[in-house]
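Several structures are given next for inspection.
Both of the next two complexes hold chain A, though its partner changes from chain B to chain C.
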Partner chain A sequence: MATVDARGLSCPQPVLLALGEMKKLGRGALEVLVDTDTSVENVTRAAESLGWSVKETQPEGGGYRLVLEKS
Partner chain B sequence: MRFPTDENVIVGLERADDAGVYRVSEELALIQTVDFFTPVVDDPYAFGQIAAANALSDVYAMGGVPKTAMNLVAFPVKEMDLSILRAILQGGIDKIREAEVVLIGGHSVEDKELKYGLSVTGFVHPRRVLTKKNLRAGDRLVLTKPLGTGIVNTAIKAGLADAKLVERVTRTMAALNRAAAERLAAFRVHACTDVTGFGLIGHLAEMVSGSGTSVHLEAAAIPVFPEALDFARMGLIPAGAHRNREFREAMVDFDRGVSRERQDVLFDPQTSGGLLISLPAEDAGALCAQIRQEGGTAAMIGEVLPDPAERIRVG
Partner chain C sequence: MAAVKNIFATRWGIIGVGVVIGVLATLLQKWGNPANMGVCVACFDRDIAGALGLHRAEVVQYMRPEIIGFVLGSLIAAYAFREFRPRAGSAPVVRFVLGAFAMIGALVFLGCPWRALLRLAGGDGNAIFGLAGLAFGVWIGTWFLKTGYNLGRATPTYPAVGWILPLTMLGFLALMLVFPQIPNEPKSGVLFYSVKGPGSQHAPLAVSLLAGLAVGFLAQRSRFCTMGAIRDLILFRQIHLFSGLLALIVTAWVMNLILGQFKPGFENQPVAHTQGLWNFLGMTVAGLAFALGGGCPGRQLFLAGEGDGDAALFVLGMIVGAGFAHNFGMASSPSGIGPHGIAAVVVGLAVCLFIGFSMRQKAA
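So, the complex of A and B:
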């Protein structure tokens, strides 16, 4: 699965990286690592705006791991 | 914490209003306020204008007339060219002049991070002070600038806003709240504040808390930058908007028809936002008409309800 590691980056960088990767992939699965609640909210919106869904949002290592999917 | 006080303090720290107010005589009270922040736009001249408009706004929001101002500057003098500081100060001075206020001093310090703002002093009649409190059932709520500047500024940082939008948003943030404020004296205004860092809902929540009333907002009537809705849908939302939502959402009931992005804009922190005014329905209509006739923005966005639950309903 492709991964975007946006830990340590502040808004709006995580969203831009996730949007760029989703557009590149077109569909499939994408793992996004972030470390703020704001990034979780914003990456979720970014995914849904492109027709992707958030399959998982899990706390991981002081941050969060999101799994995005589009079939 | 206990603050020193005296009988002439009309609005002090305990009230947490837009500015402090001190009675000098039966006819005159002083309004004092101070605000400064890091740059919100790239153009230093525009930043100076915005910071000044923002600082002056607190005096307008209290029903007063600003008279004098002092600069507050933090500047990384070793790393940054002094021409940047000159442009910021020029922006501030031009905005102060537009407001017919005089600059009578200031203070600067060396700092790693650039900051600019002003302390502003104004006058008001002691019996004409407008505060956040005193909403009355049946009042209409009027807002005088479009929302969404925080979200658009995030999109600007992301490089996704075009030059025309940057120009429009900058002009809105740099606009004085003076024209709207000067109209208020002719109407029966019950409460007033300006919309800044807590967003529309956050500032409205301060008005509603302790008022014994609730409010209903008409989401579709609230002026917004349409692009802010698109950017919010994409997730270009500043951290402050999420914090504002977390802090206040327990007070808010959104109808199902209010989209998530429209909700986001209602929580979006504003820089130098508009006035939020509560006044009787017939006065509200006339006030909006006057402001619009003079080319300003004014929209009736909701009403105050006799419901003592102190809720904010958005439909």
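So, the complex of A and C:
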């Protein structure tokens, strides 16, 4: 699974990186690592706007691990 | 939106927060704050710089409790919802400089983005030039973002790092209580207090502080950001944050009509000048600096409250920048731009463009 590590990056970098990867992949699964709740919300919103769904949002190492999917 | 549990971060949540800010800001004007300046992060940081004596512009010196409330309200919300995350180390010195020039640009226009909205909602047509300049500055910023601009990663750090700015704000509040305002006296202990001008106009301390705490709490939850509103619209065609901005302006306009505070026109607007080009360019500098720094002045306060040490440095940069703006004659006044306002805009743009062009490595 492709991974975007956006931990420590400030707004709007996590969304820019995740969107870039989603557009590159077109479909499939993507893991996104972020470190703030704001980034979780922003990446979720961006993913849903592109028709991806958020399969998982797990706390991990002081941040979060999101798994995005589009079939 | 199943994954979004935070109700304030939903569309209606952010609209609600925009409404609350619009109501509180216009009421604060009714209760004593300057006209079209119920809440202005740039002006209020500038007044704090004045209260501390970092500049000696006698009409803009007052330790604004709203700013103290914004940071502490955000801190309380962050702790209450387990979102306090101490972090720092993303090019701190650059964030300080961006804060300083954001302030210098905002003081050529005379207001932060919040006040630009409040000025428009109060009928001040000059705000249109400021808002257009703000959007232009943010647009330049998005171009840098699209071409790889970033300030690098912040890393987790000691909780005490996240506490530095909230503690500083508590210190400011303590100073206000130890050295309270004495009617018609320009100084109380170490603090300066304006006896005339906008700095002398303020709501009672407790009212300002409570309003600030409420806004800080709500804004932390909703991630309210005026720069982000424009940025996301340009970058992602997303109207989420923008809907909060619209809610603020519409609410403030309706409130101003109800409270008899709506006075349409360009001439003789409160704490404003009519030099359209410099209103535009001042806010272009500010907008670009906000975009490169990752948030409008209000958002930087709320980020600092939730533990972001880099945002705290942006805030300190704004306060120091306000000192420079007035000491160097770069800040405007109702009679027009300052003697060195044009130089401020030119240098500010040059500095921001240098930062934008030179810091475009891909994130490691």
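In this text, the second predicted complex is superposed on the first by the 71 of 71 C-alpha atoms of A that agree within 3 Å, B and C clash if a C-alpha of one lies under 4 Å from a C-alpha of the other, contacts with A are read in each partner's own complex, and residues count from 1 in each chain.
One rule holds in what follows: a contact is a pair of C-beta atoms (placed from the backbone, for glycine too) under 8 Å apart; a residue touches a chain by one contact, two chains touch by 3 or more.
Just so we're clear, the structure is a prediction, and the values are computed from it rather than from any experiment.
When both complexes are overlaid on chain A, the residue A:Leu25 reaches neither chain B nor chain C. Greater residue coverage of chain A by touch, when chain B is weighed against chain C, goes to C. Of the two partner chains, chain C is the only one that A:Leu17 touches; chain B does not reach it. With both structures placed on the common chain, the touch criterion links A:Asp37 to chain B and to chain C.
Look at A:Gly8: by the touch rule set out above, it reaches chain C but stays clear of chain B. Residue contacts after overlaying the shared chain place A:Val54 against chain C, while chain B stays out of touching range. In the superposition on chain A, A:Val67 makes contact with neither chain B nor chain C. Comparing the two interfaces of chain A, the one with chain B and the one with chain C have residues 10-12, 15-16, 19, 36-38, 41-42, 44-46, 49 in common.
Those residues of chain B whose C-beta lies close enough to touch chain A in the complex are 154-155, 157-158, 232-239, 242, 260-261.
Interface residues of chain C facing chain A in the complex, by the touch rule stated above, are 1-4, 6, 9, 81, 83, 85, 87, 89-90, 145-146, 150-156, 223, 225, 228, 231-232, 235-236, 238, 240, 294-295, 310, 363.
Touching chain C in their complex are the following residues of chain A: 6-13, 15-17, 19, 35-38, 40-42, 44-46, 48-49, 54, 57, 62, 66.
For chain A in complex with chain B, the residues that touch the partner chain are 10-12, 15-16, 19, 36-38, 41-46, 49.
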